[in-house]
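Heads up, the next two complexes both have chain A, just with different partners, chain B and then chain C.
== the complex of A and B ==
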């Protein structure tokens, strides 16, 4: 890996430069409790100290609602027009859990039948990570093999240190971006910055309030599809679906057509949630997951077992969003711990 | 399939409904031809695979391809009127434009069935996916690859029998092929067997030797058929069925059709009983 150093007083210059040359998305705090990634035009809009955004960055590749194509009937025929768009984009300031979340989503869209919407957008985007400076009470990325300073999956990784940012160049894409922005970076005191980063990493590693132990959890789930624990959990859930909409790795969608009287219209796909009763309800009324018990179980099975079975990748990045947002405090990190205990008690 | 949709798997190919046959009060068979001759040539399906049929402005439905790949030039879909899109399809007339994407799913294990005798058990519109395989097996070019064929079909009443032409004329006339048909209750004009499919199956007592049983129909029927077949000595690997789950994308992305770690759209819809028993009971 190649390293560079960016002095603290040069960061706004670098971000202004990025904003002038690229479509730059970066964390913006709308108020004290709400931050999100947004198109920015200058460095002053960006909040470098944000904790997790409410809306996950997956929305740039897999938007909440996306026009797939439009159609129109003309002289007895039908025309289809694809609405694929993929602009070059730089996302700056991604936290390690979100970068990891994206790597978990990739095989869904880029695997069999590569998705023509997600793939090109992902391809044309440069991801710049930014190490966390603090660990929130809801964070548990460590359990899923990343840490708050881990850049794997990004093209560049920045870590804020006392006087500078350490810049890790992780891919060719990242290197390409830096080549053109060479003026901001130096090779001086790289070693010092690397050791400072190690200190930060160790400090943050000790700051987790949640460290659920994942070992053996899949094996437990393999054997405990039917367990009263799922009923206990489901009794609390109100089925609002928030947990799925804020999750950086959830990928379920619905497809719908809209049409106008003049026989033109569009087909969309939009985020959907396995927590909703209609998600699996078929014509004729049969529903393989008729109650919240099956639906809650499906969500956690998907995160902790099904995704692993299919892609050999975790289905949760430990970002803690669903914990923070669930109105009834259903908590995946607790579930991981509880499931080990309830099964032991049996 | 060749790259007619710019490689975009969510773009369907425009097609025209060439003809419509009424099967029963609520089932019609649609013969569909792609507008692009290249698509006609390149759409290569296996019996048991499905396609998604679009009516623009209304959406898509997952429908089994009921015609055999040995029949070229068109595809057939037998569709039951059950909801929004299928109701619109039932109003449509020949000549109308629809669109089709696919083929999706695993299809029947054609190679593993080679050299075996075959027993088909279908109920209602559940004969639709089996028909593709029956016609494939009975096609001249494949007939010698497979042994005897028995077809057992049941419907609620005479009026509910699908594929009458196949059942009473075409398949009956094929050599080494037997067709049994039953309806649930007596009817004055019916001289055939009366009674439910599982009971009829136990009456016929097909020997399980070197035979594969393939079944599809309403969930209750399948449940009893699976028990009967096991009683008759069919092993779990020799019992094949198809599953239905709600689908949207058909290609393993929308997350809708999972049963445990399997997706019906990719790993199914065809499963052996052995595979079914390894799945969580959520179907």
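== the complex of A and C ==
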């Protein structure tokens, strides 16, 4: 790995440069408790001290509503216009849990059956990570073997230190971006910055309030598809889709055709939620997940078992968004702990 | 342990032991010190999971709709604001009064968890809470912390209409002092002063960020349709496609649908993950209903029907 140093007073210049040369997405705080990644045009719009955004950055590759194609049958035949387009993009300021979330989404859309909408967007995007400066009370990425300074999965990783940012060049894409922005970076005091980053990493590692132990949880779930614990959770769930919409790894979608009286229309795919009763409803009315019990179980099975079964990857990155936003305090970190206890009690 | 918690457990135990009710719906400890979670107690051995503290924010009346077909009676813990929802559910024939036992809490306000945590941090156990002269004291494993009610409550509690439940079977403590002078609609009044363009910009900014997670609808006690129009695929009255136009339709249709039945419990506002001030929308309608029809807050009593659900010859007929 190659390292560089970016002095603190040069960060604005670097971000302004990025915004002038690329489509730059970065964390923006819209109001006191709402933040999201957004197209920015200058450094001053970016909040470098943000804790997790409410909306996860997956939306850049898997948008909430995506036009797949438009059609027109005006002149007898049918004409299809594809809307596939992927622009070059730089996403700056990704926290490690979100970078990890993207790595967990990749095999879903870019695996054996590559999705022609997701792949090109992902390919044309440069990811720049930014180490956390604090651990939120809802954070638990540590349980998934990562840490708030881990840049794995990004192209470049920045870590804010006392006087500078340590820059880790993780991929060729990252190196290419820096080649053209060389003026902002230096090789001086790299070793000092590396040791400072280690200190930050150790400090953050000791700051987690949630450290659920994941060992053996998948094996427990393998054997406990039917367990009264799911009923206990489902009793309080109100069946909204907050947990799935704010999750960086949830990826279910619905296809929607719209047509207009002039014989034109479009096909969209939109985020869907396994918490919604219509999610698995079939033609004819049968629903294999008829109650909240099956729906709640599905979500946690997906996060903690199915994703591992399918891709040998965790389905949760420990970002804590679902914990922070659940109206009734259903808490995945607590479920990981509880599920071990309830099985022991059986 | 505060007195309300003790009384709550005592009453819940008695109701379950005497088999008056089959289920008690109340609040339990959450996964953070300042969070609570709904709990469902079916056996007297488990009543100790029930708590009351000034973080018990959820309107548990919504669960009555979910569990109305449960055999036997259901007891539910309700604050003043939640009790209006119970009246509305009874008026809407969603639940029979005989089916429920209401455990009323005299509520002096709900503390804003994040504000409290800024002072205390999260690394502690909340042991009990006490209250004296407009001041809440949290007794924790890291010592006592006091918070003045005037700057630590959640917004809705500053304009509380009912500190005490308007309907209940068992009160869990002495009645709280009501505050009839509370300012009800100050935020709505300042929004009313904006011109059309400014109003449009204000709501467009919020509606464009809506995720359509439907938490506002699912938590709402006025939302009781067996199949919601926003779930219907054929016809798709409002597209699931997330954009400003569809999101605006969703929120406006929902606001009009609950008009005259919204009890202003503020749950929609609380649960919105992207901070859309939905209460302003519903309060504007409440304010209009009050000015045009002299209608009380829905659910304030069991006798007054919904303003938009009854015909009175004195009603203004500006649009006819």
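FYI, the second predicted complex is superposed on the first by the 345 of 346 C-alpha atoms of A that agree within 3 Å, B and C clash if a C-alpha of one lies under 4 Å from a C-alpha of the other, contacts with A are read in each partner's own complex, and residues count from 1 in each chain.
Quick note on the criterion: a contact is a pair of C-beta atoms (placed from the backbone, for glycine too) under 8 Å apart; a residue touches a chain by one contact, two chains touch by 3 or more.
None of these values were measured; they are calculated from a predicted model.
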| item | value |
| --- | --- |
| Combined model on chain A: chain C and chain B, fit or clash | fit |
| Partner with the higher number of touched chain A residues, chain C or chain B | B |
| Contacts of A:329 with chain B and chain C, given as first, second, both or neither | second |
| Contacts of A:137 with chain B and chain C, given as first, second, both or neither | second |
| Contacts of A:173 with chain B and chain C, given as first, second, both or neither | neither |
| Partner chain in contact with A:95 - chain B first, chain C second, else both or neither | neither |
| First (chain B), second (chain C), both or neither touched by A:309 | first |
| After the two structures are overlaid on chain A, angle v-u-w for chain B, chain A, chain C in degrees (C-alpha centres, nearest 10) | 90 |
| Chain B versus chain C as contact partner of A:241, first or second or both or neither | second |
| First, second, both or neither for A:288, with chain B first and chain C second | first |
| Chain B versus chain C as contact partner of A:58, first or second or both or neither | neither |
| Per-pair minimum CA distance [chain C against chain B, superposed on A] in Å | 7 |
| Overlapping contact positions on chain A, where the chain C interface meets the chain B interface | 254, 256, 258, 272 |
| Chain A - residues contacting chain C, complex | 30-31, 33-34, 36, 54-55, 64-65, 137, 209, 232, 235-236, 238-242, 244-246, 254, 256, 258, 268, 270-273, 276-278, 323, 325, 327-331, 333-334 |
| Chain A partner contacts - residues on chain B that touch it in the complex | 6-12, 14, 35, 54, 56-60, 82-83, 86, 97, 99, 219, 244-246, 248-249, 251-256, 258-261, 266, 280, 282-283 |
| List of chain C residues in touch with chain A within their complex | 30-32, 35-40, 58, 62, 117, 122-123, 209, 211-215, 217-219, 231, 233, 236, 239-243, 267, 270-271, 273-275 |
| Contact set on chain A toward chain B in their complex | 68-69, 71, 73, 76-78, 80, 82, 84, 108-109, 111-117, 225, 250-259, 263, 265, 267, 269, 272, 274, 279-284, 286, 288-289, 294, 298, 301-302, 305-306, 309-310 |
